[in-house]
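Two complexes are shown next, each including subunit A; its partner changes from subunit B in the first to subunit C in the second.
After this line comes the complex of A and B, so read on.
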């Protein structure tokens, strides 16, 4: 066994331990530790990815001394590697971009708590990506929920407290359903490790026994994780949560947390329940319908919103809809498109949240359309960042959103019954995205009117952190838009390894 | 390396425009230097285009820039149809820029305006030279974005509204065109979207899903049709008349709207293939849409009293002449569509520039304010007369040639719907006569207009849906008309920067009208290849 194969385990543990160490550090040191930790774990994930690409296959890693069919396992393959690296990069940029605001929004004594939550969040995200057994998955789902809650309510202003409670309730509902699903699965198969569980499921399906329990498992796990990732109509916690948290938290929650659950869901579909069973049991069609309804409804909600932060949050609902639509297409192409859209949406939504911060700064920290008039001239880089993000959401060629749209559309051609609805909803949803995102972009570049309230003088926060983060996010978007082929190839290979 | 000449004319204006934005050549004392720089650049770029076309426009030379994703390459190719559009744009741009210098002389933020104006030149050439549907789509989307600041330029509430609706319509249209793109890519015989004269579909596979593909064609037709102001997606165009005249004239009568029509020609004859669509329900749908737009646009133009908006409605109607030619799905239809694409460009830019010259010299924007201006601004209204007669389709003018071709192509196709189309064109010609000639009559014979105007204007205006407000303006109009002769006593023709382009355009209209054979030979050849 090569030393590199320990890296996934190391990265989870390092992230967790820096969280523990941070509890006795002061805020600034905790922050630095957190940044170093994210960089190190991302490097470790990159090492794992390089290893998997080199050998061309995945491997499992036993934690503790209980061999299968008991014990805890993690698994690393190309897809896990790509996702972990990507999550690390986004996390790093989100923390960098929101540094000043975090320091401002969070009480100084509690600053280290914020970074503990960030550490735990990354640790649990990595665990969700790498896990190969359902029990570990459940434990880290809970850790993730708690860390997410902490991130929301640490900014004790406005509606963040009620947002956190709402998030807690909805998340617990999701976790509860997930746990019920796992219990039934354990009951039926007797396994919690993914590989043996899949063998039993395959046997059961072949025998034709336990059909109803299997269906219930799929439905309950699917709905549980859908609630946690904010699929329409389980999205009511999203606007408040993303809208009132501190910028880093918004970017992390919208960009990564919901994606971690979706990744886990895909993994369970492939590695436990069997994707072909999902398709034959019509569960895929159900997700598909929820997905396309979400694509349209999320955008309609966003159009009605006057608070731009909540508008961006509602747009997440639509984008999550895209991902579930891809999963629901029932083909491997659709799944590739869905995974690619996970990346696209993480990069783009984080860019939007972070660059919006730069615009709010120069508009007296107000978030409505009128106050933002002309903000694009007052903070040019943030204006450009927001414009790029918006164009990517609309699917402008050369940006990441276009590739997503293209992958969804071409994969829709493969499934005859869903071809036209998918394409038409894609076109409609693109138009709706244009309506609310580009309306805001026009507002950013239109002139202030004499009757507009003057902008209150705020301390100019000329922070290079924010600029660096915006530039890097734009870079990530361009990379996904222009050099997507290797990434899509890696996703395809990785999904094949799942099978 | 001779291929590089295909990319140069596209990227030279784009990069120069971006440089102008970054450099911020905003200072007033540099105004003259900037004008020299821009005009030099634009002329040089047009010469590059001329050089590229002279080097052979047979579609042999291709230049692959980069790969968006697997088979989706950004690629330029110069074929005959592309060179017609590129040549047209290259001819108009330097003249329009010259005109814009004088028109914009009193405006602020000239640097921003000219930067985007120049970038648009490059993007439009990108559409003309695009070698495949993806490149076309890319530049089509970019065109929306770079012309948006030009529509927003006045920054008034009205301009912002116009800009928004322009953006929603265009992006929405592109989203539906994207559906067509995906189907073309999925069913292409070569696996790429490179344009092939006569269509690139794999007919065996496409035949199995014919109805779905036709539906995708209709979606894409309407999608690209948004920029060509196809009914019911025309609303942005009259609103966009709020932009400065050089923008309305060059972009909203030529570059942007013709890009929409050009994209439809590419979609119909070079992607799906006319044989595939001909005789199907899809052809019926798109042709009906074009005919409805022709009739609707010219009727609305008669009702409109704001001069630039009237011309915008006339554009709506005339663009659908091109689309009507395109939907005939025959070689002659394609040739006729292209001939109207060329001649309408000259006629409409000439008419808009006349309106702009009047606005610039006297500040008048409504038609009832024009009484008696014809003798004060002889050159302007002389050119307007030429353009009007041509738009009506009087023989010896360019408009006659293209309308004749359209009618001939329609008869030749033998499609009953196309024969109805001839009747619609005749109706539209009548309406064109009314809406263009009322302007001329008011300008040259104010006494005549005053006599008839008292009754006709009031009646005509109160009918136009504006209700009492319309009637009120009508009465005011009559009142104003009485004092008009003294009111614009100081009006005179503008300087050479504005009149030179006008005279050149009028001359070209006459030239095409008298001697259209070489142009038609080229267009028929294109039709023969791709029809």
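After this line comes the complex of A and C, so read on.
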């Protein structure tokens, strides 16, 4: 066994231990440790990715002393590697970008707690990406939820605390469903490891036995993780949660947490339940319908919103809809598009939340349209960042959103029954996206009117952290948009390895 | 169909309890009752696992008197899962309760709808 194969395990454990160590450090040291840890784990993930690309296949890593059907395992392949690297990069930039605001929003004595949550969050995300064991996945889903709740409630405002309890309630509903789904699956198959469980499922499907329990498992796990990732009818906790947390937390929650759950769902669909069973049992169609409804409804809510941060949050609802639509298309092309959109949305939404911070700074910390008028001139780089993010969400060529939409549209052509609704909803949703994002961009670059309330004199904070983060996020967006071919290829290979 | 339900009476009870807990967690306005609902829901899952993991007449898999046949013992994994699950649900319950205390200190109410309205008003002023 090559030394590189230990890296996924190292990265999870390093992230978790830095969380534990941070509990006795003061805020600044915890912050630095966190940043170093994110950089190190991302490098380790990159090593894993390079190894998997080199060998061209995935591998499993035994945890503890019990071999395959009994013990616990980690699995790493190209898709896991790409996702882990990507999550690491986004996490790093989100923490850097929100550095000053985190220090302001959080009491100084509690600053290390915030970074403990960040460490635990990354550790659980990596574990969700790499794990090959269903119950481990459940435990890390819960760690993820608790860390997410901590990130929201660390800002001791009434609105963020009520958002945190709402988030907890919805997450617990999701985890409860996920847990009972796992329990039934374990009873039916007798396995918790993904690969043996899949063999049992395939056998049961071939025999035609346990048809109803398998359907229940698919529905319950699917709905459980859909609630946790905020698919449309279960979205009502999203605007408060993303809208009132501290900027880093908003970027991490919208960009990474929901994506971790979706990644786990895709993994379970491919590696346990079998994607073809999902399609033949109509479960894919259910997700498809929820997805396209979410794409339209999320955007409509966003148009009604006057608070721009809540508007950005509602746009997440629409984008999660895109991802589920891709999963629900029922073809491997649709799945590639969905996974690519996971990347697009993490990069773009984090960019939007972080660059919006720069705009609010120069508008007296107000978030409505009138106060933001002309903010693009007052903080040029943040304005450019927000514009790039908006254009990417709308699907402007050269940016990652365009590639996502292109992939969705071409994959729709592969599934004849869903082609027309997909293309129509894509067009409608793009138009709606353009309505609210471009309205805000135009607002940012329009002159202030004399009747507007004057902006309170604020000294613009010369924060190189924020600028660096915005520039890097724009760079990530451009890379995804201009050099999408190798990434799409890696996703396709990775999904093939899942199969 | 009914026969199956009465044969698996524990599992049936577990699923009904799960539904009860789920509904309370989703629909009840009182935060404490929501948390109780969450616990009912989680415990129902443990009942399900525990009853599935037990086979009448078999013992825990600890070899004391030299009996080594597989038929003599039950599978220990479901019990392990229940223990892990209990740890997880205790920690989430603790977190939810601490949040509830914070919210009660601030708004003197346990009604989630009232709290949300008050938080909204507080933000606007």
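In this text, the second predicted complex is superposed on the first by the 497 of 499 C-alpha atoms of A that agree within 3 Å, B and C clash if a C-alpha of one lies under 4 Å from a C-alpha of the other, contacts with A are read in each partner's own complex, and residues count from 1 in each chain.
The rule is simple: a residue touches a chain if its C-beta (ideal position, glycine included) is under 8 Å from a C-beta of that chain, and two chains touch if they have at least 3 such contacts.
All of these numbers come straight from a predicted model, not from anything done at the bench.
With both structures placed on the common chain, the touch criterion links A:159 to subunit C but leaves subunit B unconnected. Contact with subunit C, but none with subunit B, is seen for A:187 once the two complexes are overlaid on the shared chain.
Once the two complexes are overlaid on the shared chain, A:53 sits clear of subunit B and of subunit C alike.
By the touch criterion defined above, A:135 lies against subunit C but remains apart from subunit B after alignment on the C-alpha atoms of chain A. Judged by the touch definition given at the top, the superposed model places A:471 against neither subunit B nor subunit C. Once the two complexes are overlaid on the shared chain, A:447 sits against subunit B while remaining clear of subunit C. In the superposition on chain A, contact of A:419 is made with subunit B only, not with subunit C.
When the two complexes are overlaid on their common chain A, residue A:406 makes contact with subunit B while staying clear of subunit C.
Interface of subunit B with subunit A (complex): residues 66-70, 72, 134, 137-138, 141, 145, 148-149, 152, 155, 160, 163-164, 167-168, 171-172, 175-176, 178-179, 182-183, 185-186, 212, 215-216, 219, 223.
Looking at the complex, you find that subunit C touches subunit A at residues 15, 18, 21-22, 25-26, 31, 34, 38, 41-42, 44-45, 48-49, 52, 77-78, 81, 84-85, 88, 91-92, 95-96, 99-100, 102-103, 106-107, 112, 115-116, 118-120, 122-123.
Of all residues in subunit A, those touching subunit C in their complex are 135, 138-139, 142, 145-146, 149, 153, 157-159, 161-162, 164-166, 168-169, 172-173, 175-177, 179-180, 183-184, 186-187, 192.
Those residues of subunit A that touch subunit B in the shared complex are 391, 394-398, 402-403, 405-406, 409-410, 412-413, 419-420, 423-424, 426-428, 430-431, 434-435, 438-439, 442, 445-447, 481-482, 484-485, 488.
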